[in-house]
Structures are given as C-alpha cells and as structure tokens.
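First chain A sits with chain B, and in the next complex the same chain sits with chain C.
Coming up: the complex of A and B.
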C-alpha cells in the first residue's frame, strides 16, 4: 500500500485544487459528472491494467469501443434486436476480439504490440464499413429503460451508475488479482513467464483470459457510450481511448514490463486523469494548452511518485548497507594491522 | 537527490494552487462558445468573440475548442460548463440529430445557440425548439457558389472529384448538394443523381459534369494529401478536369498534391476550387493555381453569438429580432466568393482579424 502513497497524495492535491477553483467546481453536478466519467474510463483502464500486469498490451481498445458501439447501434436500429440481446451480442464481439488477440499472441507468437496495433486499424475500418461510413443514431424510439438504467440512474446512493458498475467490477477484479491463486499466476506471468511455465502452469490460458477481459471491458464501454450519446460516429468515436486507458493504468502503478500493479492503483490513476480534464475546464485554462497541462501534470505526478518510491527503497537499502558497513568495519578492527 | 525530492513535493501543489488564481474572478456574466474542432477557422471566430467581449465589457466568454470534436467530448464540455455556471452557450454541434434530447435539456437550463451547423427539422419536428436561434452560413447556397466557380474554371465540363473531411457532418452534405445543384442547373435536375451520390454510387452526372468520387479523410490534412496523390496516380488518361475541396484544409492538400505530381505537369490544367480561407489556398489564388474559394465569415459567428448570448442571458429576448432570423430561427451570415480579383484585399482584412 505504501506504493500508492505518491499517486494518492497527488490525487488529493488535485482534488484540493479543484475545490478551490470556483463554486461550480464544488457543485454536486460537477461531482456527478466526474464520477460518471471515472466510472466509464475506469472500465477500460482496468482492462488495460490487468493485461499490462500479465505482461501484455492492447493498443486497439479505442477501435474496439468504436466497433462495438457501431455493432450495438446497428443491431438496435437496422436489425431491430431487443436491447438485452443486442448488448450481450456486443459483449460477445469484444470477447471474440480478445480471444483472437490472445490466440494469435500465444499460439502464433505475434507480438502483442503488433497484433493490437493491426487491430486498431482493422476494427476502425470494419466499424466504418459496417455503418457505411456514416454517423448512426439510435433515434428517439429507443426504450428509455436501458438508457435510464445504465446512464442516468442514480439508484445506488445517488451515484452515477457507471461508477457503481466500475466499483463492483473492480471489487471482483481485486479479489481475483490479489486474493486468488489465478490472479497470482497472472502477475507472475507478467514478471517471468518462463518460470511460471516451467512450474507446470498453462500460461497461455491466463494470457488469453487477460486479452478477453480487456476487450470485453472495452465493448462494455462501447455500450455505455451508446447509452450516453445515443449515437456513434464510426470514424472517430473511441479514437485515442487506448492511450487514456493505458495512461490510467500505468499512472496507477502498473509497470509496462509486467508483473506489477494493483486494482486500487488503476482506480486512482483513472481518477487523476479525469480530474485533470475537469480542472482544465474549471480553471479556465485555454483549450490550446489543455493537453500540455494534462501531460505536464501527469509527468509531475509520475516524478513525484517515482521519487517517493525511490526514497523508500533507499531508506530500506540504506539501513541494510549501514549494517554491512558496520560489520566490515568490525571485521577490519579484528584484522591485525 | 533528497532535496530534489522534497522540491518536487513542494512544487507540484504550489503550481496547482497558483493556477486557479489566474482565473478571472469578476462579476461579469459568463457565456461559453463550444466549437466542433480545433481548426484555425475557430480561431477567427474566437477573435470575433473577444471583440464583442471587449465592446460589451460586462461579459466573460469561455471559448472552448475540443481537440477531437466528438459528440462525447462536446457533451462533456457542455456539462462541465453548465456546472461551472455559464449563463448561455453557443455550440457548433456534431451529429446533432442524435443529440436532440441532450440539447433540449441544455436549452431548458440556459439559452442555447447553434452556430455553423444546425438541427434538421425534417428529421425531427421538435428539433427547432431545442435552440434559441441558429447563426451560420447557408451551406447549400455556399455550395452552389462553389459550383459556379467550377463552371467558370472548366466551362467545357468534365470529370471532377470532391474532397471533404467527413460525410457524416451536415455542412459537408449540404455543400456537396449545393455543388451538384448548381452544376445540374437546378434542384430538380440534380435530384436523381444526387440520390445516387448520397448512397455512395459513382459516377454521377450533373449537366456537363461527372462526379467521379467523394473522397473523405477523417478531417486529416495528411490523409487528404495522400488521397490526392492516389487520385492523380489512378487518373492515367488524365481525364479529370477539376478537384473541389469542401473543408478548409482540403484545398491546400489538393494544391500540394498537384504541385508534387509529375513535376507539376497538371498544374493549371486541373482546376482547383476551394472552401474557406486557408493561407495556402489564398496564396494559390494569388499564384493562379487555385481558381477561387468560397469563404464564410467566422469572425461574425463569434462576434454576433456573444452579443446575442449576453442579451439572452439577461432575459432580453428582443435581441433576436434585430438579427432578422427566418421563420425557422436561422440567421444567415452571408458567404463571399474570393477569386484573383479580390484576393489581395480579402487577405489584408483577414490578417487584421487574426491579429497577425
């Protein structure tokens, strides 16, 4: 938990500066908006994080979101499917994509980076082709029930539903990752895959699971996206989301080398990213500087985090080295001059 | 190293705490302008809004240009601005047909203006009620002006290609429609072939002219340039007689591509017709490489919308009458045609507006 101190502190500082920005920033409305965005983005960061912990990477998240949102809208409008069935089918699309990634990476040994980068192009093109390169709208005939339930509902303690969903999924993921032996395998694969394989564990299966989870969560984001915006623009919706997902996970302490990372960390990382976007607006920072401020603040956060960790490491090491030196000196004293 | 660490700990909160202090904490009425992307076009609108802000003195304008310009981003911005307490919003909406409910809710909270891109009342009868007024170019008419330029540049007719960012944006559809209507010599004469074009069926004939393709590039100039190169390379018999670019960065990409192709052998033979006032487009007109361009008046978009917003935010609805909207609440800001004749004069004026 000490590892989270740096980003936790950073999150608090950011939140503090949001509260002093202006009245609007403190309003319940703004908090609700923030919570909803954290809920949505947290889902894909969680997917990306679990995958990164297992030593993989997925650059196609944004395109998977775009494709699944497109599929959902087509099923609901042109095909006239029932909402529940269409949503399940959309999740299935994510599942199949993840499975394809997993199989190609583990069995055909395609590099994850290459595989998912190709995916980024393939799914984007597919989405545009399926939609005839046009924006598609759910229209006004869509039954409000699902939209209300997934997007507008405040049924659980007044919280945005996407945040509630994220917290439930994150809870399950935390138990899986930190408390179950399977989760241990997953992060062990990320640290040293060969060692895990030599201990007789079917590593491929766990890696595939991570890819499937990542893509299914991306498809789920696609569903929430359609419920929120009532439409999909296949050519641009979801663009760059993979970068937000990966940034959230890495900021939250997932090492790109694999094997490291916590669910709580990913949630904090996501919250920081969303908070930064909100701060830019609340402080009235010019649009042109927006990305620079976000990038700069993230860098500062990363430096702060790293230096805190290093300090801790040095203190621990320092204590050991001190003892060693003492022993050496004692030995010297014993040696005859 | 240790001191550096503590420095980092101190600097981060200090910087963050200092930033909000930069914000203007006055009692001015806050209004907001949300564009649909971050192109230069909106920078001109921004300087118009600043001019109105200075003139009025009691208004503060938040001018936001979402970098990706997706529906999701625009919604997020508008919700944030509402939470922040702005009293009126002007927006250039993306995919507005799907957002009728959203904008309806926004308009219930604060007066909402649509700029540059409007609702389509044919698709939704309630659409006109989700905004107080529309301010922008009549894109069909502006498209017709493009068609006229094409007729002048290639009087003998021939094959042409249209380049545009995205076809799911209304102004792209309307401008293309205008071009086709003008070439065919009337809406009725264009109707059947236009139907084919809308359904992505090519080629389509409009009078003496044949539209070979509409090429999209996802609002990316480099992609457009690549597609220009491909189109030129594919045209082995050199049958094409004109390129039409309907979004601001399309004409420069067309110009660069034609200049680079076979050492500029097609330059002057292939008519280039543009839209909007990109620097390279204007230079191309001066050099005689671009036949002409149809420009909108984004400065006036920004200026007028701030004036209207500030009055509406104070409950003064009579302001709308002064701008003489049509029966559907549309205030047309006239377009202008720029050719070699008036390009110098226009360029000077533009530089002044952009503040350079």
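Coming up: the complex of A and C.
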C-alpha cells in the first residue's frame, strides 16, 4: 500500500512538472498522445508484470511485436485476408509463441531468461525472413473501419482508444490477479512454487498461462503498431520494447524475485515511464539523454524501494511505545494478499 | 559498533546474563522483561509453548536481533552486540531453529563458510584442508555423508547435523542450540548429547531449546520456562520433570502423553494402500512391500537417511520409483504428480515447512486456504469474507498463535508455522495421509492437538503413514511400526512388540523383527 502511494506521488510530481513546462505540454494534443502511448505500453507492461509476478521473465516481447506486426502486414497485403481474420491470426501467433515458452520452461526446464533470450533472436530473424528483409507498407493503409474503431476513435469520454482498451484489460487483470483463485496461485507460485505444487495445484498450467498472456498482449501491441504506422520495418520495429515493458512493471512494484506486484502499480509504472519520455521532450532536454533519464529514474526507484523496506523493518522494531505504528502496521496487513 | 565492557573485573557469578530484556513486534510483545542467567559449564534449557519468545531471546543473545530495552551481560559486563560476527568473536554461537545452509556448497564448505583457510595469495583459493578438518567433526556427530557431498542432496536431519557441526567448529564459550534435534533420530540425538557432555566438561555453557521434554530431562542442569514472553518459572536440577515443565509452560496440568481412542478395525479389512515390490531411486534400491488398512496409524521409523522421506515422496508423486506397483483401495495407480495424488485422496504433510510447505511471504490466511480455495470461491472468484472465516476457523482448530490471519506467515514462530502447514489439509478428508515429522518444533499442547486430529482421522477410516524421529511419538501413536534401514524395509513391529530397543535394533541394521 505504502509502495503504491509512493509511486503514485512520484507520478503526480512528474505530471505537475509537465504542466509547468510550456504551452505545448499542457495542450490537449499532447495529453491525447501521452494517453495513447500509455495505453499501448501499458499492454506489454501488464503482460510482463503478470509474468514477473509468477516468477518468470520475457525478454522476447520486442521481437514478438516485430514478428506479429510483420505477419499482420503480410496477411493483409500479400494474402489478402480479411482484417478480422488477420488480426485473430496475429493474436494466435502470440498465443503459440507464449505456449512454446511455457512448455519449454515448465516441461524441459529451460531457464526463462535463456528461453526468451533465444526467442528474442529467433523471432526477429523470422520476421526479417518472412518480409524478405525489407520494410513492408500496407499500401492503402489499414482498413478504415478497424483502424478508426480500435485506434483513432475517441468514443469513450474523448479518451484515446488504446487507453480505453488498456483500462478494460487492466480491470479484468486486476480481478484475475487480486480476486480470483488463479491469480492467487500465480503469485504464490512466484514466491514458492514448491509449496504450491505440494498443495496439489498444477503449477505448470498457471506458469504457461502467464507466458501466453504476455505474448498475446505483445501481439496485440503489434496490431496497434501497424494501425499507427501503416507499415512495418521487420529489422527494427519493436526493438527494446521488452525493456520498456519490464521497466514499467518493475517501477510499478513488481519484484523480479516473483510473487509481488499489483495491476494498479503496473499502470502507474507505465505512466511514469511515458511521462518521463514526454518530459524530456517538453523540457527541451537533449533527446539523446532520454534513456539516461529513464535509467536514472528506475535506479532511484529501486533504491527508494529497498530503503523503504528496511525503514519499515526498523520502524517495526522500534514499535515498542508507539501505538501509532501498530495501527499503521495493521493497515498494511490489510492490503490484498 | 564495538562491544562495550565497563565496570570492574570481579569474577561475575554468571557467564551470560539477560536482565529485563523486552522486545516487541507489530501486534505482539515477544519478550516482556525476561531474565535469564547462565553459569559456566552449565546446560540451561529454555522451554515454552510455540511463540513464547524462546527464539527471539536467543537471537538477541547472539546479536541477530535487537532488544528494545534491558541489558545483556557477559562476564558481568554489559554488552552491546552489533552483529553476529561480533557475538561470535566474543564466543557466543547460535544454531538457528531453521536451516541456513548454502545449498550449492558441500558439507565442508558449509561448515567453514566465511572462515576458509586460504591459499594462493590474492587468488583466495579455498584450501583443501577443510575436507580433512571437517571429517572428525562430522564423524563425532554421526553424520555419515562425505564432507564433499553437496548439502542440497542431504536429508533435513543430515542438514541439521551440518549446522551443528558448523557451530562446533567455532571456538565458543556459549553455545546456543535452538531445537537442534527437531529432525534427528534417537541415535544422532544420543551422539549429540555425548558431545554436549564433553564440551561441558571443557567449561562450555549451553543454552538448549527443545519441545522434546524427555531430552530436556536428560540433558539439562536447570530449566527456565517462558510463557507469552514472560518468565514463568525456573526448575533446579532435582525439580526437573515432564509434569513440572508442562505445568509452568501451559499453566495447567496436561496428561503425560496422548492416548489413542480409536482402535484400528480388527480382522480382514481390505487395505487402503498396498505397495508391491516398490524400488526407490535411492539407497540400495531393494524392493519394498507393505500394506496399510483404513483406520490404522503406521509409523515409518529409521535413522536419518534411511529413505523414509523418499518413500513418502514417491507415494505422493514427487519421485518416480524404479519399479513396483502401488494399489489404492485395490486398484493399481500411477501417481505422477501431487495433483494426481490428491485426486486419489493421498495427502502429504511435507518435512521441510519452509521450502515445501509455506509461501513464506504470503499471509497466514493465503497459506491455510491455498489447497481449498474452491470452497470459498464461485466461478473462480474468491469471496474474501468467506475466505477469512475459513482461515480463522482453521487457525482456531489448531490453535495457531497469530495476532491476525493477515500476518505474514514467515514471521510466525517455528511451531506455529508447522501448524499452518497442517491446517491446510484440515478441510479435506484423505484416504491416505502421509505425515513427515508432523510435530517438528511443535509444543506439547499443540502436539496433543495434532495427535488428536490424527486419531480422529483414523477413526473416520483414513489410513495414516507417519514418519517420525521422535521415538516417544512413535511408541505412543502407532498401531504398527515399519523400520527402514538404508532404503529397504528392515522389519515390522506390531504394537505389542514395540519398544525403544526393538526399534533401534532394526533401525541400525540389526536383523529382522518378528
């Protein structure tokens, strides 16, 4: 709870400093773009976050985005598939990839880090090969109906559609993670898989589910990406996205040790990352420094998190006289498990 | 921080003394003005129920935990301990209740961890001398694995011996042992006691914690009893008795030992479990055959490393047997995973609560309901009030001491953690319940509750296979005892032939029983 409040506050501070930057930063246009990016990046951070909570990791997200975008463009142009079918097929590609990760990690005991590192290379290569190693354009552009509906529309309260989609998916994910039996298993597996298995739960199934969710969300990102750009550059599109996804999840309080993290936290973490990028732009900081700023913020977050942990321990130890602390502790104890 | 010695140098009556030591954790006063004094060359036992504050006090004395108020004196001089290293330098060594081994290192590597003799200058190579140095210590304790064996492959009991060996290899004046024997069998315990007596003659003082009161009667010179974080009394050598300790611990009389009320059905009842020529993937791989009827409590006895836990894990689907067959209620079954075992009605209470039984970072509530979330959920969604109610009920039935069911389970006292693992299965009605050291680290009162629970389950027709290294428990609870030795069944003892000697004879490889 305290952690969430901390990153929430950080987000507000960042937002405040955006508002005082300049006219452009305050504009509706900038807000719209920011919202749209948060919506997109939130999807992959959510996938990465759920996986991290279950004790896994996925380094191939960017390549999966590249591959699925390539597949989608090929299906729409060269194969002439209907948009709906092509998009479903793209999601299916993500699903299969996730399943392969899950099976190899659980059944063949390949380490998740190694498995998805291999995936990072493999899918990038596949995408380039499928596209004949050149950029592909959608020609007439993405079928208008879908693009307008899924990407451009401001149907709900004038919010960018990708943000609306993210909020809906995050809502489902929050119920899944914090309220459902499966989410409980997932986070318990993240902290002690053995104890969960000994309780008679088919842990492999839940781990596979986390990999599938992560890759499907990456494929979905690929679809939105094609709608935005109307083309795909298989050799570079999606590069580094896994790092953004993981950074968002970690900033949002997911522990790489597994078992820890909330959906709200992941959303806040994503928003912080996007705001940082936007701030660099708006404050006129040389854009070359963008990565440095993000890396610095991440580091700061990690240090603060660790000292918060220790501070809590110390306070708890000094709690002899303080009824106040007791109450605080109790509040902390009542957070959702 | 430096240890502060002050005051004059008159020989103090006590080597180590705790004066009015207090320590609070959120929601609990773990220690409330506790006093304790240890003479030179004395074995002082500290007993008390689960959560009474024993481990906390020991951790404070060894510099692991801080105290809120009070003083600790060494040689009559107040001592401010800044950490474990410093306590060790002053000669205070603690063997923790829970295992703390580096799983990737071998036995000798663990024993000398942090104090390895170096060679090769700045390269800091570990001198192979540690293997030769480790040998006598492990032999003295009866640890029969090689100093080069990786500890990850050792049983819990063997790992415990490694912990003890590490403490013995340190030069100490005060040796604090927090439940050192909780997974040792009679033979290793006897050896340990010989070692303790030796050390005592050499002037070493020992603080000894155990829930096996019989051991305390045997080894202690004096007993200090804690109850709810306070001093509840002290017994001089001639006052030490099981009854006296229990009276001070729980504040009322408790009968000597649990009595079974249910007798297993006589005559020709078909067995619940039949094991035919099962060959384990450990030891000599000799075939094992036995059967268990419903309502029967059968105990697997043997020394540590005899293959008892491995047999349990095989029946629960955690290990593949080399060959052989298992029948449940007459039907042959292949159990490939714990989930399948549970679907067949086979449940296991695992031996190592921390690594196999608990999600330590999660709450008590999440842990006790982990195996029965279906009961409190609809369409996959957990109903929080019902979950809370179920958790409260389960905790109450086993008397788990916790300020709230939301407390992180890893912060409970050892015995209470054990109760949480057991509570997990209370919602189910097993056909076959395998319990591996069910009362490890559990206090007398809770032991009685656990025995009562097993007795009730047996009364309902459950077959129970119990693994225990506590001979008193074996003798008191079992209808039959199967003794294992080096991965095979060494013999079987019916209730009427049960005696400590008979079990030990078979367990040490001494020929067949009746």
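Here, the second predicted complex is superposed on the first by the 304 of 337 C-alpha atoms of A that agree within 3 Å, B and C clash if a C-alpha of one lies under 4 Å from a C-alpha of the other, contacts with A are read in each partner's own complex, and residues count from 1 in each chain.
Convention: a residue touches a chain if its C-beta (ideal position, glycine included) is under 8 Å from a C-beta of that chain, and two chains touch if they have at least 3 such contacts.
From a predicted model like this one, the values you see are computed outputs, not experimental measurements.
Contacts of A:133 after superposition: chain B is touched, whereas chain C is not reached. Within the superposed three-chain model, A:228 lies in touch with chain B and out of touch with chain C [touch as defined at top]. Of the two partner chains, neither chain B nor chain C is touched by A:62. In the superposition on chain A, contact of A:182 is made with chain C only, not with chain B.
When the two complexes are overlaid on their common chain A, residue A:260 makes contact with chain C while staying clear of chain B.
Here chain B and chain C are compared by how many residues of chain A each touches, and B touches more. Those residues of chain B lying in contact with chain A across their complex are 2, 4-5, 8-9, 11-13, 15-17, 19-20, 22-25, 38, 62-72, 75-77, 79-85, 94-95, 97-102, 124, 166-168, 200, 216, 218-219.
Per the touch definition, chain C reaches chain A in the complex via residues 22, 24-27, 66, 68-69, 318, 337-339, 341-343, 348, 350, 355-363, 365-366, 370-371, 373-374, 377, 380-382, 404, 406-407, 424. Within the complex formed with chain B, the residues of chain A that make contact are 10, 13-14, 16-17, 20-25, 27, 29-30, 33, 37, 132-135, 137-140, 225, 228-231, 233, 235-237, 239-240, 277-278, 281-285, 287-288, 290-291, 297, 300-301, 303-304, 307-308, 310-311. Within the complex, the chain A residues that touch chain C are 175, 179-182, 184, 187-188, 191-192, 194-202, 259-260, 316-320, 325-326, 329-330, 333-334, 337.
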